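Chain naming follows the written order as A, B and C, and within any one chain the residues start at number 1.
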Amino acid sequence: MNELRPPGTLGAALLVARKDLAIEFRTRTAFLSALVFAVLALCIFYFAWDGSIVSPTELAPGVLWVVLAFSALLGLQRSFGIEEHDRGIDALLVSPVSRESIYVGKAIGNFVFLCAIQVVTMPALALFYNVRGGRPLLLVAGIVLLAVLGIVAVGTLFSAMAVNTRMAELLLPMLSLPFFVPVLMSGAQAATRVLQGRPVAEVAPLLKLLVAFDIVFLFACTVAFPYTLDE
Amino acid sequence: MDWSGNRGARQRNSMKRTGPRTEPNAYLWTMSSPPPAVEVSGASRSFGRRRAVDSVDLTVRSGDCVALFGPNGAGKTTLLRLIAGLIKPTKGTVRVGGHSLRDDAAMRARVGLISHQSMLYGALTARENVEFAAKLYGVPRPREAALRALERMQIAERAGAPVKSLSRGLQQRVSIARAVVHEPSVVLLDEPYTGLDTIGGGALTDMLMLLRSEGASLVLVTHNVDEGLAVASHAVVMIGGRIERRDDVADLDPRAYLADYRALASNADRSGRRPANPVSVSA
Amino acid sequence: MTSASLRHAVASEAAVSEPPRSVFGWLFPVAVLAVIGIYIRAIYFTPIEALQGAAQKIYYVHVPSAVGAYLAVGVTALASIIYLWLRDERADRLAEASAEVGLVFLTMVLITGPLWAHRIWGAWWAWWDLRLTLTLFLWFVVAGYLVMRGGLDEPAVRARYSAVLAVLAALLIPFIHMSVYFALPRMHPMPIVFKPSEPSLPGEMLTTFLLSMGAFALLCIALIQARYRLAVLRELAEHDEEGTR
């Protein structure tokens, strides 16, 4: 018999993440629909305001965060759907990988997915809304990264729960959005203040809050995940 | 020495043991009786008020192949899922190789599961699916192992096809390949012949014989008595969550057994036997 | 005491107790009388506040509702933790009952809030009112909790998922509190955590205020108890129905 060397926690998580991304890359439906939604939403928001009263540059930060939240939901929906379809999750549970690695792997996959969406959406935003480039934009990108981490932490867990209920598409947004609130609030305010050139002291507490949220909920959701599986 | 105490070819080649247990007195330990491959003691499982598995005792010694027969709703699938560690018993214990699979990852590496659903990812190819499983179990050279497993199930020529483009029967073959790519010593099968044609069924039977010759233990849930008796060493009938009879296949006359089994199953239907003791509500 | 032995003790005690005979116990009429009594006192026997006028009396509904809401939601959170520890279905039933009662009280806060804010500040919604904003988000969380329960049929899964959600929500509350505090633009002089008239109420108004908080707390407990008993009776009725089928 071969000597089996099952992967450790991180190795298993990366395996699961790679598998998820391979599936997504193969079908591309979720990615494209989330992308199209995001860019269309950018356009709609632009035309929903009177450009002569509110300058698009001022509007841009707010729009960024709204579009982030909703395109995130589109991406998160599919995360556990693929496991439910033919009970792929059973094969994962019967294998030597730990339950926590499954969650971490899914979260990593979702994180990469959302970042990929943002890589297109943010430049599109800058383009449509005439946002000037420069160092502040890089900082905003960093804030978005932190925010995506928090969104992915809770969104992945609720995706696992919602898939087992009767109304998954309704329940995922309903459960997730209240949990996104601290992330969106802090992120949006931090980004706005950075773009307005406010001093670090006004931005720092918001960033600390974001980081604290990320750490607390990544930990809490990893611990909570096994409870969402069959017992 | 692995816990099955079996001196199969692979066992002779390597004195190393997989998993973290490498006590110096391992040799001594297996000179006394090793734990059975599967041991179910007084296990019950309820879903709400319905008791699907009711105080079941079942021991599968290593190298045995137990065929689990029974009508629909008898609790066979639930029992298999209990053994696989996918669900916990509400009472009693379920152990594989002396350990509960829910807690012991090293033991899970020795187990393979084939169930009703394919557990495959439709968008990935057959090879990718089996290779993913191989990597999960830490099989060395996963790609080659995957192709070998697909070959054994006579589906190597479709290795590059996305699973969703395959027919149900071909998907089943891929699913079986996925389940055995890591050469498990305990294989749990739930209606594995479903959807398989003659070639596929033949490939599966060959695979099961090969696994048995290597010392693996099998638990085979099936409603097809003929197919079950062809591979099994023991036959168990489950009705209404309980085990109604156990036999050594060597002592059986297949036709007589089939008739007895049919009588048992239809009796159970007629008497409207329901799982006993509904669970009460506490106030 | 180990978790398993505690579970066993709880279970054997459960088997002995009898089902309730009716939904409303004696506590409910007492609580209702207390609330009616308070409002008679508030409307007729408590002085009208000089600055805010008669509208200030909404205060006697608004803050006690918040107290009742937080009490109910707190019970849900605690019951959920107990469920995860002991896996006793009674804890889950209690969590559900107090979540529903909590939603009612939260709605009361959200209705009376704008009514009062309009009188005091001229704006219908006061984002800088930390408590009001927190209550709004809490409303969504509790509503999500109840909707999720509605979408799960299997009792064990429902109880487990609800408990997980409740514990996560309890973790979320401080974060919402802090993000509202830090993120709101500083257009108002200071975030208002306590109502302006709270710390220094003259004697009679203070008494009415404290009594109304007590009455609402009583009402909250009575309603939770009633809702809990309703859940038990419902389950027994289902059980009997299944038995006779």
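Rule of thumb we're sticking to: a contact is a pair of C-beta atoms (placed from the backbone, for glycine too) under 8 Å apart; a residue touches a chain by one contact, two chains touch by 3 or more.
Since the model is a prediction, treat every value here as computed from it, not as a measurement.
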Which chain is most remote from chain B in terms of Cα centres? C
Judged by C-alpha centres, the chain sitting nearest the middle of the protein is A
Centre-of-Cα separation between chain C and chain B, whole angstrom: 50
Which whole number of Å gives the spacing of the CA centres of chain A and chain C? 32
What is the distance in Å between the mean C-alpha positions of chain A and chain B? 39
Would you mind listing the residues of chain C that make contact with two or more other chains? 156
Contacts with two or more other chains, residues of chain B listed in rising order: none
Counting only residues that touch at least 2 other chains, which ones in chain A make the list? 231
Which chain C residues qualify as touching chain B in the complex? 11, 14-15, 17-20, 88-90, 154-156, 232, 235-236, 239, 242-243
Within the complex, chain C is touched by chain A residues 154, 157, 161, 164-167, 170-171, 174-175, 177-179, 181-182, 185-186, 188-189, 205-206, 209, 212-213, 216-217, 220-221, 224, 227-228, 231
Considering the complex alone, what residue numbers of chain A touch chain B? 1-7, 12, 15, 19, 22-23, 26-27, 82, 85-88, 90-98, 230-231
Under the touch definition given earlier, write down the residues of chain C that touch chain A in their complex. 84, 137, 140-141, 143-144, 147-148, 151-153, 156-157, 160-161, 163-165, 167-169, 171-172, 175-176, 178-180, 182-183, 185
Considering the complex alone, what residue numbers of chain B touch chain C? 47-49, 278, 280-283
